[in-house]
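The structure appears right after this line, and notes come after that.
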Amino acid sequence: MKKVINRQEDIIEEMIEGFLCVNEDLYEKLDRGVVLKEKKDKVGILTGGGSGHEPLFLGFVGNGLADGAALGNVFAAPTPYNILEVIESVDSGKGVIQIYGNYAGDVLNFDMAAELAEMEGIECKSILVRDDVASAPLSRYEDRRGIAGDVFVIKLAGAAADEGLSIDEVARISQKAADNTRSIGVALSSATIPGLEKPTFTLAEDEIEFGMGIHGEPGIKRTKMMKADDLTTQMMETLFNDYPYKKGDEVSVLVNGLGSTTQMELLIVNRKVNQMLKEKGITIHHNDVNNYCTSQEMGGLSISLLLLDDELKALYNKPAYSPYYVKNA
Amino acid sequence: MKKVINRQEDIIEEMIEGFLCVNEDLYEKLDRGVVLKEKKDKVGILTGGGSGHEPLFLGFVGNGLADGAALGNVFAAPTPYNILEVIESVDSGKGVIQIYGNYAGDVLNFDMAAELAEMEGIECKSILVRDDVASAPLSRYEDRRGIAGDVFVIKLAGAAADEGLSIDEVARISQKAADNTRSIGVALSSATIPGLEKPTFTLAEDEIEFGMGIHGEPGIKRTKMMKADDLTTQMMETLFNDYPYKKGDEVSVLVNGLGSTTQMELLIVNRKVNQMLKEKGITIHHNDVNNYCTSQEMGGLSISLLLLDDELKALYNKPAYSPYYVKNA
Amino acid sequence: MEHYLNIPQTVQMMKFVCQEVMDSKPLLTEIDSAIGDGDHGIGMEVGCKAALQELQRNEFSTINDIFTTTGKSMIKTMGGASGVIFGTMFLSGFHKQDEVTTLNVETLAKSFDTSLHAIKKRGKVQPGDKTMVDALVLAVEKLHQSAHQGAALKEGLENAVEGAHQGVEETKQLLGRVGRAKSLGERAIGHQDAGATSVWIIFKSMHQWLEENDK
Amino acid sequence: MEHYLNIPQTVQMMKFVCQEVMDSKPLLTEIDSAIGDGDHGIGMEVGCKAALQELQRNEFSTINDIFTTTGKSMIKTMGGASGVIFGTMFLSGFHKQDEVTTLNVETLAKSFDTSLHAIKKRGKVQPGDKTMVDALVLAVEKLHQSAHQGAALKEGLENAVEGAHQGVEETKQLLGRVGRAKSLGERAIGHQDAGATSVWIIFKSMHQWLEENDK
């Protein structure tokens, strides 16, 4: 697999440098991280994880979003010291909330970073995103992984922090956002880590993996390729089976591309998603179709629903800006 | 190649429907087109072309951008009647400017549409985008194709029309924007039209095509894969050889992904692009790294430079909004 | 069979032509993939499907109607270069021309000649540019010759098929000068033009229909 | 060779270990690709490269220093699950423990036992969860036995390699219960754990260094 890189060991550094060029006024570079230049007197919001999912995580550092991101190697959690550096940088004395997907490696590293931060007197709370309903049954909710739902949690945490709320309040809201987010993904083709020759997994030309994770983690079943409407129906039904959405519920919807699946395909899926939600009497507050949480050149997509209440909706509507995510007032 | 579609003959319709879900307040659907719901009393800006390059063209209909887009099948120009319908819809009596890439099929269809529009008394001017420096030598400028540079021309035409200028003035500015835009692309892997089994072309695992067009049109040379910095250097030098950029020049830069090339790779390229421009003393007014003009799952990218003068810069800075392109004031 | 077709026969023939072109989608896709963007088969399928529907739906009172309906369907639905070009091929020879109710070699020669000129003007192409014109120009030549010799329609079409086929073969030797083959340069040599192939298929299926319905 | 290593020898041995692990990148990549996300080889390479640099750069006055430096380098540079886990493996057994200037079987047994407990706590894993712990636990057991029997370091390590290898083999039969193999269910059966393989490589290369430098 051809990748446009220089030396494998430099990809993260060089990516960050290239990102900073896009908006030098807004961002500052850390060793393996990006933070907002302007330090705000509020609870700091930090996100991060393994690289390779761009624009996540660095593209979700911005106004009304995360204040900083700690970046690991491709598909590998950042180190505790990288995370600590971001924590120190985004803390204004009001504490820091770390938002990250529930993966063994991330938990180990963010936990250790939080311990180090606490030793420096920085209050640090962790919100784990566990939106991937395919990654474990409801009975093992604790085991569920985080995928594109990160976007919703970062957006709402950022908005809450901007309101000047206390760390406990921001944590409560972020946790609610995480609890209210459900996603389901499907993979059509494989992903290759830059510098490696072979993809991490393979799928036959007529095969898809329903529920596959964004690092190629196995999903619910390997099945035959099907029509967009059938696939979307199965995906939505998996979400509907996971939570009793009811008439009158209000949601934000993200149809997220994993890499090589085209915007056209995502829009075709989005059409069916909207139809199904409308049939159930669920109101769509906001609908986004984009590549936010990718997995290298993986083919496939995920559908995420964020269930809104009045509090979350008000925060969802607040403006936000990064070069990869804009919400106008 | 797996594509998440239903029936091939429905993909354009269903894509438009899915797009409308994203922002029903903003858009209205035509047979094979999308227009802004709110009709503005100004010169109408229309864009369009073959589908398969999403978010172009429909994603560049928005405030401060195009007022409507006519969409053909994948890689095929829209029909004269589809274009005419969009022309009629975006005309407020002040005439319409059609912005499209210079391809034989597009010229034939947009020309015929313009003739039909003129018969109805709608003044119609065409601006052809010919930014791809690899598609023909400077001596055959008329033959050059349009690629990601469309984005710059649409942005500036939209801003100019919003100023309430006459059709002649908007056309003059749009033409200047087109003349001032230069791009160079490279392809790493192939693209497949939805519904077809085989890709339109193939590239070996260690091969790239320098200068390849967004429908797989052959470029300048087929060569071995190289390091990101070397590739970027060759691409930038091709641009520098095409126009005598000089110290003090000001440009907007777009590093555009063709499909399956990751954001990380684009950012690594962007880093080198910025370095090279700075070395030449060229000022970067604005820098965008995104997938705006794709070519299905094609691997590769393009670099576009828009040379700015005071007039263009002022218009470039005007706000714009669509779900796929936001420029804040 | 007479030396001409009446209206219902012409409709039948054109329906057969549309069906044959649609069945040639894989071939046209393959050819357009080699030196174009691979969509010609899809485009012709879309246009012929639409034309077929119109041919089935409508009642026709002139031959002109049949061909202009076919051409308009293509312009309306296909898009791409070939939408306008093949639409023009069927439309221009009969649009605003004398109305006829039978189709013979003379009519066919005259109308496709008119179309050929319209295409050359619209498409800004000449024979030798590696387009469908290279097939059409030789087919029209053969139709003219046949008309001159007082040939029957079937015979005339047989000659036209031969001309179109020769045109297709000639495109193999040519450099592209319009459309997407243009930028291929030398690499286009050896590959036939997709549109020219469609022209050949069109004449071939007209002829085949006459063969099969010659009672 | 004596029954123990001095400081320079231990540094040499650890440098050799780092090099061997780095050379195993393709193997580790392949194993992690089968039931993980494929990055374990890259991670270990990054960590061992950093450790190697530190081992080359620094002067060491205790054995503790050598191992904690190795562990810290890994935690600082690797990331991923293995950064913390393998960092802990080298760090915890010697960090805040009695300082020693020679390395023998007892020290090794005791320190890796301490590390094992730290890893189990940090990683919230037990033997049988299909992780590197399955290899480490058996290696530590063998080291204890060897110490008990008064074995030489080389012999002790030979036993540890055997234990680690047995652990790797056992992971093949296990369902994953942490990390990314977890969601594989039955599909993980038959595949060995990547981290366990690294543990085996580490002990194997310690032993190999002793073999090759046994004068």
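The chains carry the letters A, B, C and D, assigned in the order they are written, with residues numbered from 1 in each.
Note that contacts are C-beta pairs under 8 Å (C-beta built on N, C-alpha and C of every residue); 3 or more make two chains touch, one makes a residue touch a chain.
Predicted, not measured: the structure shown is a model, and the values here were computed from it.
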item	value
Shared chain contacts [chain C and chain D, defined touch]	none
Required minimum of steps from chain B to chain C, each step between chains that touch	1
Chain whose mean Cα position lies farthest from chain D	C
Rounded Å distance between chain B and chain D, as computed from the means of their C-alpha atoms	54
Chain centre separation in whole Å, for chain D relative to chain A (CA means)	33
CA centroid of chain A to CA centroid of chain B, Å	29
Multi-partner residues of chain B (at least 2 other chains)	74
Chain-level touch network, classified as line, ring, star, complete or other	line
Listing of all chain pairs that touch each other, if any do	A-B, A-D, B-C
Contacting residues of chain D [partner chain A, same complex]	29, 33, 37-39, 42-43, 46, 75-85, 122-123, 178-180, 182-185, 187
Parts of chain A lying in touch with chain D, wherever the complex brings them together	8-9, 50, 72-82, 103-105, 108-109, 112, 135-136, 143, 145, 193, 195-196, 198, 200-201, 213, 215-219
Chain A-touching residues of chain B, taken from the complex the two chains share	1-6, 11, 14-19, 21-23, 51-52, 54-55, 59, 74, 188-189, 194, 205-206, 208, 225, 227-229, 231, 259-271, 273-274, 284, 287-291, 294, 296-297, 299, 301, 321, 323-324, 326, 328
